[in-house]
Amino acid sequence: MKKIRAGVIGASGYAGAELVRLLWMHPEVELAGINSKSYLGQKIADLYPSFYQIIDLPFEEEDSVIAKSDVVFASLPHGLSEPLAKKCDALGKVFIDLGADFRLDNEADYQEWYHLQYQEPQLHKKAVYGLPELFREDIKTASIIGNPGCYPTSIALALAPLMKLDIIHEQHLIIDSKSGTTGSGKGLSDSTHFPRLNESFAPYKIGAHRHTPEIEQTLGKLCGKDVSISFTPHLLPINRGIVSTIYADATDEIHVEELYAQYVKFYANEPFVRVLPLGKTADLKYMKYTNYCDVSLHMDERNQRIILVSAIDNMVKGAGGQAIQNMNIRFGYPETMGLSMVPASF
Amino acid sequence: MKKIRAGVIGASGYAGAELVRLLWMHPEVELAGINSKSYLGQKIADLYPSFYQIIDLPFEEEDSVIAKSDVVFASLPHGLSEPLAKKCDALGKVFIDLGADFRLDNEADYQEWYHLQYQEPQLHKKAVYGLPELFREDIKTASIIGNPGCYPTSIALALAPLMKLDIIHEQHLIIDSKSGTTGSGKGLSDSTHFPRLNESFAPYKIGAHRHTPEIEQTLGKLCGKDVSISFTPHLLPINRGIVSTIYADATDEIHVEELYAQYVKFYANEPFVRVLPLGKTADLKYMKYTNYCDVSLHMDERNQRIILVSAIDNMVKGAGGQAIQNMNIRFGYPETMGLSMVPASF
Amino acid sequence: MKKIRAGVIGASGYAGAELVRLLWMHPEVELAGINSKSYLGQKIADLYPSFYQIIDLPFEEEDSVIAKSDVVFASLPHGLSEPLAKKCDALGKVFIDLGADFRLDNEADYQEWYHLQYQEPQLHKKAVYGLPELFREDIKTASIIGNPGCYPTSIALALAPLMKLDIIHEQHLIIDSKSGTTGSGKGLSDSTHFPRLNESFAPYKIGAHRHTPEIEQTLGKLCGKDVSISFTPHLLPINRGIVSTIYADATDEIHVEELYAQYVKFYANEPFVRVLPLGKTADLKYMKYTNYCDVSLHMDERNQRIILVSAIDNMVKGAGGQAIQNMNIRFGYPETMGLSMVPASF
Amino acid sequence: MKKIRAGVIGASGYAGAELVRLLWMHPEVELAGINSKSYLGQKIADLYPSFYQIIDLPFEEEDSVIAKSDVVFASLPHGLSEPLAKKCDALGKVFIDLGADFRLDNEADYQEWYHLQYQEPQLHKKAVYGLPELFREDIKTASIIGNPGCYPTSIALALAPLMKLDIIHEQHLIIDSKSGTTGSGKGLSDSTHFPRLNESFAPYKIGAHRHTPEIEQTLGKLCGKDVSISFTPHLLPINRGIVSTIYADATDEIHVEELYAQYVKFYANEPFVRVLPLGKTADLKYMKYTNYCDVSLHMDERNQRIILVSAIDNMVKGAGGQAIQNMNIRFGYPETMGLSMVPASF
């Protein structure tokens, strides 16, 4: 069987570079080419010294990369993936977008939160939301896959079984998320200047983060109702990982053991979701550099409130790893291929 | 005017040592003596090398310290402050407890959360809850002052003006707090072993932290109703500081500007509470090693939910600094005396 | 071809657990069993939650593990590997020791630095020093392999080409090393308590670290003369990685370009040693969780002093990864098998 | 007695802002005005939120600040302090420069390392090098004071007693320094981007750092001979502090106890230099946010090599604190005034 030829557009950013790293280790992928507009002609190892003497590829023009690829991954600012998807679609290439352009079903949401319009509405009809644990069947045949955002991945996986049970007030979800700094990307900013960020901690974009409609969309699909969340992201002075602490009010009395049994059942065959034993708590420490998502369940018995905690590596399950998981599904490879790293605990 | 002679019982732990450090810099305090059972006879600078050639005091017997002091501070595990308070009370010494024994009005709460009973109920009638911004008048004449917990301080100061306005569902408060590791103290544990904690993040004691009844007690006093909270503390891989992110559902439409005006008014004369301008967010970076508490107000307009963020240094406003603020009030000194350090931003 | 059955004695410590993690990912290894005296009967995933649902092994008795293994790795305090090696030797098992018992040729050095005597001198004659880049041929047939210490690995690889050239004062080497905290292991101590270590930095065991004779032994073999070093390790407030900054005085005028050419040639066929281009500097950031060793060359022209900088992951090339590299060599597998992870840059 | 009116030119950078913070806490200083070209008209608390509601000053024009000041501090890129010094000198203001323009006696050194020429040679004759422990008498009457660099401060204080004893090979000093990131300043760069720097460690500017001639100049004055050093700075992933590990070869047999006695004597009356007891090691943890410099002495007995370790807060004793110490000396105040903070150990 021939290897899949994969190309990465926007490979100079963090999500792109992580994807390159992971694709390089995939046994059935040939990294056909990588692209960066800003660093055209430079070697990726000049930007990311860890690749030195391992990944000896220069950044090429976009069209050159597409031409050599069976699957094209893109990691670009929003608004730039649509024209690229069009090009790939016309050439019969599978397109997996790590950006935000193909995540929202409702153009009005995109307009409201991203302040742009769809240029190619017909493409969006072809696109599927690439969260494998929830939409695996759609992904198998899709030509355009919108890879989920990092926060939405951590939140949807934590809530999915609960949303399906119809036992909470779905208009009253509070989601308090905390992310490492790689989520902010390679670009320099005052807020990620080391002496500023180190030994600091604070929320940001309170009630105003662009992942909000994406989260509500997925949760709404799961429960079949409108969902409303308060979503507060925070920036952690660490490199990688997201923890989401989620508060859901039960409509009736709930026994956490029963809920736990439902979770275990729901994720029984999922290789990348680990429902932790009752009494344990998800910690972003334990899946760094891997594609796992840990979920733990807790009850605030005094308030009949379910508290869920989930943890992922924002760069892997929250970006490049999940994109490869989608590729594996789409191309008929075992879903864990190239993603079976054992996480370290220290 | 003669200096206040201050003694610290339990000075070998983090809260005690921080108190020693701050007392040493207070212009009207003479540090009369310090005590530690475990390190009796040793110099405090042997435990805390930063004090070398500055604070040249050995740990002494408890009684010796009390005898030399006008005010006795205690930083001990719960259950141990009560007999000490009795002793001080009999000798006419002011007693300021940094532990949990004198924080709860209702013995039933103490029994439920700390699994101990009051041995000296009459002492608890003399005790006041030492949160100066809310109970200043009581503190002025108290002989026993229960210094608030670190989390409760950050939460009560954030919510106080709101609780008094009677515009939220006080049975539905969600409080997601994050603390640096000094809050866990000097004692070694797997959870604070560097390679374990560094680059990690997770909640702990979900719905089960002992500060819960203390928080509910203060909030209940403020609004005159029963309050119920979900309180989730998290451990941050940093040294100092607490951020509390608080979610309160408004009963009616709220304009954040009006609420902000109320906050500014409420704290107008408070030297240590800074209500940040709308649009700014409290960050524990900006009051480290000082007694400030920053509070910022935010609205999730889509859900008519008020989101408050507060930040303190858990070791100062959350422990030793607040204890000195209480001492200043009790002894008639300017409230900011010895506490007017300017915080650094880096 | 049948997989190698590998057993790990002392698998509950950091080096042992890292070895378990890496062995699990090796395509031609079956992890036959793991041992820990302290945690006998417990699951390793209870100690290291990152292994949950992946490595479902309990700690077993030593003899049980040995019986099932073709190769036995040991990660034990010094003095405990010798009897184990004897047992393995008698049973015809290959023994790879991550401890210090089989690193020193000269028993007098062992006595001086480890305060113990050899119980089984004949075993030491069978043992080889498992630094593959320097002693590969010996490793191929050895039944006992002493895996090098973490510091000595970083130092020997940095200096090897230089030592062979006979152009420095080999009695005047200064080695200033800095290590992450995983090197201190799983055991709790004041010095690795998070609030103590975080935002701190200092040397330790100045001129008295046990790796000193091991370093001098290897360097001496390379140049054929007695070597004397000043070795100062420091503890970095990070998790993984060692940087060694090495100062060597040239006996004659040296051109760094020529020296660089010698280094490139020396390591031309080594898959795990990367000689960085002149102008670049080795940084422990760029080989975390992998088996690479980066080396960079610098000249202090004003003093005709060669400055070498090397960087490794102390847990991989400095422990478990190198042990697997030795296993691969010993069992005739490609040397990089199971070790071809691409390091991340963030 | 009237307070000293102090002005700060270049107050928007880290060194300037730290100076502002410290001057604000000085009981006999009135902060007359602060300047920043880039942030003219803005409030300093907008840049440094920790100052909110405490230091309510806008950045003003340079001349306006000078006019209001008795002493003018400058924290500017090299080359910009000279014209400012000229202006202050003409107006009879004391000028304390935190930059590099007035540190080097020999213009040739300045030309070689800073690539600029002196425009006002006569000013340099008036300037003194403001390292109080070594040049206190000169400072008392100087009108222009060149505040030492951070690395040179940590190194000169560690070596001063030794240099005066004439017992080492002064042509063979190796200095391996490690600094926190505030030393790199407020400006954004790839090397201080959080995800890049966090969990990293490496040297930089090996054998080429501009502090080299300044260090050699001071050491040379102390021993009366030419001194040659290899100086290698490293960047630590922490905020504040410098540790210098210094290797000096003894010319004769040395007893560390005797050397220690010399050090204790040398610094007996210095309030800010703490010679640690033999057996202890200087750690940058223990003087953060204060003006102390800790020095520890060690012997590598096997090589008759003296190893010195010193630690300072680069922003305080390495910049703003030392500048205030110089001001205190120059204006006849007690040297510790405004600088008597007790450092924390956590």
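When the chains are written out, they are named A, B, C and D in that same order, and each has its own residue count from 1.
Following the convention adopted for this analysis, a residue touches a chain if its C-beta (ideal position, glycine included) is under 8 Å from a C-beta of that chain, and two chains touch if they have at least 3 such contacts.
Protein names from UniProt, one per chain: A, B, C, D = N-acetyl-gamma-glutamyl-phosphate reductase.
In this text, all values refer to a predicted model and were calculated from it rather than measured experimentally.
With respect to chain A, maximal separation of chain centres occurs for D (centres as means of Cα atoms).
Between A-D and C-D, more contacting C-beta pairs join the chains of C-D. The distance from the centre of chain C to the centre of chain D, with each centre set as the mean of the Cα atoms, comes to 39 Å.
Mean C-alpha positions place chain A and chain C at a centre distance of 36 Å.
Distance between chain centres (mean CA atoms), chain A to chain D: 47 Å. Shared contact sites, meaning residues of chain B that touch two or more other chains, fall at 14, 182, 195, 199, 237-240, 283, 285, 345-346. Interface residues of chain B facing chain A in the complex, by the touch rule stated above, are 174, 176, 178, 195-196, 199-204, 206-207, 228-230, 232, 234, 236-241, 243, 245, 247, 281-285, 288, 298-303, 305, 307, 309, 311, 345-346.
The part of chain C that touches chain B in the complex is made up of residues 14, 180-182, 184, 186, 188-190, 192-195, 197-199, 237-239.
For chain A in complex with chain C, the touching residues are 14, 17-18, 21, 24-25, 47-55, 182, 199, 239-240, 274, 276, 280, 283, 285-287, 289, 294, 315, 340-346.
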